[in-house]
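Below is one structure; the comments refer to it alone.
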Amino acid sequence: MPTVTITRLARFSAAHRLHNPAFSDDENRRIFGKCNSPNFHGHNYTIEVTIAGEPDAGTGYVMDFAELDRIVDADCIDQLDHKNLDLDVPWLSGIRSTAENVVVACWARLEPALISQRTRLSHLRLWETENNYVDYDGS
Amino acid sequence: MPTVTITRLARFSAAHRLHNPAFSDDENRRIFGKCNSPNFHGHNYTIEVTIAGEPDAGTGYVMDFAELDRIVDADCIDQLDHKNLDLDVPWLSGIRSTAENVVVACWARLEPALISQRTRLSHLRLWETENNYVDYDGS
Amino acid sequence: MPTVTITRLARFSAAHRLHNPAFSDDENRRIFGKCNSPNFHGHNYTIEVTIAGEPDAGTGYVMDFAELDRIVDADCIDQLDHKNLDLDVPWLSGIRSTAENVVVACWARLEPALISQRTRLSHLRLWETENNYVDYDGS
Amino acid sequence: MPTVTITRLARFSAAHRLHNPAFSDDENRRIFGKCNSPNFHGHNYTIEVTIAGEPDAGTGYVMDFAELDRIVDADCIDQLDHKNLDLDVPWLSGIRSTAENVVVACWARLEPALISQRTRLSHLRLWETENNYVDYDGS
Amino acid sequence: MPTVTITRLARFSAAHRLHNPAFSDDENRRIFGKCNSPNFHGHNYTIEVTIAGEPDAGTGYVMDFAELDRIVDADCIDQLDHKNLDLDVPWLSGIRSTAENVVVACWARLEPALISQRTRLSHLRLWETENNYVDYDGS
Amino acid sequence: MPTVTITRLARFSAAHRLHNPAFSDDENRRIFGKCNSPNFHGHNYTIEVTIAGEPDAGTGYVMDFAELDRIVDADCIDQLDHKNLDLDVPWLSGIRSTAENVVVACWARLEPALISQRTRLSHLRLWETENNYVDYDGS
């Protein structure tokens, strides 16, 4: 049986700021530049969630996109959309809200929710602007 | 001589919140929904700035795009990018930072900066997400 | 007070076929080409719905995008999405389901639903593919 | 010599319906939801066809894009564009026309047509809407 | 009868250089900047061609998109695609190949070719990059 | 520690022509078709530059996007943007300026500039038009 991956795009709009309290104010400004702006800035983020598996003989689905939507919404989007990544999201607290750290944190939440006998989370891509994105595959 | 419009797209990433202190907390939540989220959210905004004029016989330009960039950056983008629209921008203070109000405020700044004997600002379009935008032509 | 337009994009996936029973089969094939294919084809359509009005002093809204969504969904998208434009939609029956005719039919439904003391429908754009769209403003 | 992949995007507009005659009508509706709508719906599909090989020393090509176009058109696009995936395409008959099954069927047709001493088909991506796609690499 | 506009997007890839022989080399460099680079540069251009008319009662078309394609290809795209705008196109010779001048020259060619008892060219938009475009409506 | 890749998109507009002086004029026209047009044509290119590494515990960065921009601009974009790939770029001279050859040449320049104790260049994607791109990972 062939292994196919299916990918769903989901979107959220969030505020954040890059700041490390272990650094001095000068260091924060030098290292994070305009991303250290004190009153936050924000982005329209897009996350691509990729599941690997074999299409079911009866349905032709690796996984129902509607079910994938429900899981991604419940475990990620509902907690990130129209929120402040630094202040409102318990599972992001205490880390720098770079795209790199956010994508790894999303993996930690989505990977157990999406594993089944037939499927597994195989890839995440997170777009922060139309000009940059990060990828993570759990390794 | 033909009249042509030229349009430049510029982008900024900003945080904001919709909240009217004249309303009760309940009213704010009911009216603004998730856009009233207390710790801000944010967007990648795109603004389309349109100038009308006759192409110059010598240069073929209505206006040099590089000069248009400089004016749009100086009068709008530099003050909005990686900022909080509600806290960091004097010319947006005291108003609700809806796309409607932001585009009108940008017009008030750009219109005098872009008028010349040969050209005038003729249109602004502001995208807040890939699914909604507002337009204003000064009238 | 300034007049601003706000625009919302909505999407639907539908099947259709171009065929006029008053024409012979040969004429239908000659006039409509591959769009006359007997068992239907389909598109991901995008409709841009534009409302004109003055931003409200208290909310900063011409109209709440969430309310606009509800009306566009109820009067158009729910009846078109994952449907056959020629067989499933009473208000499109008896006409050729060209983008031109669909956009005029959407106007007839949306215009009365979106008029208020403060706002009016001012423009519709319907994309059939990424390479063609039609516009209608009610005149 | 370096191995480079080249990718060509091709597009087709098609109707389809998800329905398994081995399921009851209720099961079909429950499993496939709005994709089970009886009179078909449709999409603008985009397929990305990726070929791997070493650039030729004389031409600098892994493969001439024009030749790749001709093969992809002849073996896939001409048979899918403006067609009904369930009724008009012999090599898709008897299967559910999910994106997963369509991409595997396209591989079976394109893989032998695109193999040569110098090149091989290495990847297919099929977009069904702007929010979901599937990938297959033949394994 | 309603008046609807239909718009077709067409694309061409071309080289050009901005240079006015009436200016000194220094002036050319100062005025045109990197667009004056001596050995040309190039763009993927997109032109949006808009036709206004009333949908025909029998076909539902303002104009057949396939016929529109043929005219736009014959009168514009075939002469611009994979060409040098300054050296290869007689109807652009002697002018600066700015987007402003190119869109006006395209209008002069397309307007007579697209006029009929039922339709007229109503708008052209020419994209030079994803960040700038020009518009012309013949006035 | 997780390994994440970060990707930055950069753009350049350039002219080029496909032509091999070792071939006859007839062969050049037959092999390269319209890409052999004698006075050059051009494209808006987009390059996606992907870096692999572990996010730094203090900054949350695999690499600062601003520093990545500086390196990509200095070693690639500044030398390609608004230039003729065949005449103006010493490190592309003597080769056919196909997307395949350009991406391999960009790798040769960027790979040493982007290697560090913590990061390495892991992937390049070069778009020539919206319908074709090439990928290279150094192997």
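Letters are used for the chains, namely A, B, C, D, E and F, taken in the order the chains are written, and counting of residues starts over at 1 for each.
In this text, a contact is a pair of C-beta atoms (placed from the backbone, for glycine too) under 8 Å apart; a residue touches a chain by one contact, two chains touch by 3 or more.
Keep in mind that what you see is a predicted model, and the values were worked out from it rather than measured.
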* Asked: Chains shared as neighbours by chain B and chain D?
  -> A, C
* **Chains in simultaneous contact with chain B and chain F** => A, E
* To do: Could you tell me which pair, A-F or A-B, is linked by more C-beta pairs in contact?
  => A-B
* **Matching chain pair for C-E (criterion: over half of the contact pairs shared, by residue number), options C-D, A-F or A-B** => A-F
* **Angle of the C-alpha superposing rotation, chain C to chain E, to the nearest 5 degrees** => 120
* To do: Could you please state the distance in Å, as a whole number, between where the Cα atoms of chain A are centred and where those of chain D are centred?
  => 28
* Where chain D and chain E are represented by their mean Cα positions, the distance between them in whole Å -> 34
* Structure fact -> Among chain A residues, those touching two or more other chains are 130
* Can you name every pair of chains that touch? -> A-B, A-D, A-F, B-C, B-E, C-D, C-E, D-F, E-F
* Structure fact -> The chain C residues in contact with chain D across the complex are 11, 13-16, 34-35, 37, 39-44, 81-84, 87-88, 129-130
* Asked: Within the complex, which stretch of chain D touches chain F?
  -> 2-9, 50, 55, 58-62, 64-66
* Asked: What part of chain D is in contact with chain A in the complex they form?
  -> 18, 20, 22-23, 31-33, 95-101, 103-104, 107, 130-136, 138-139
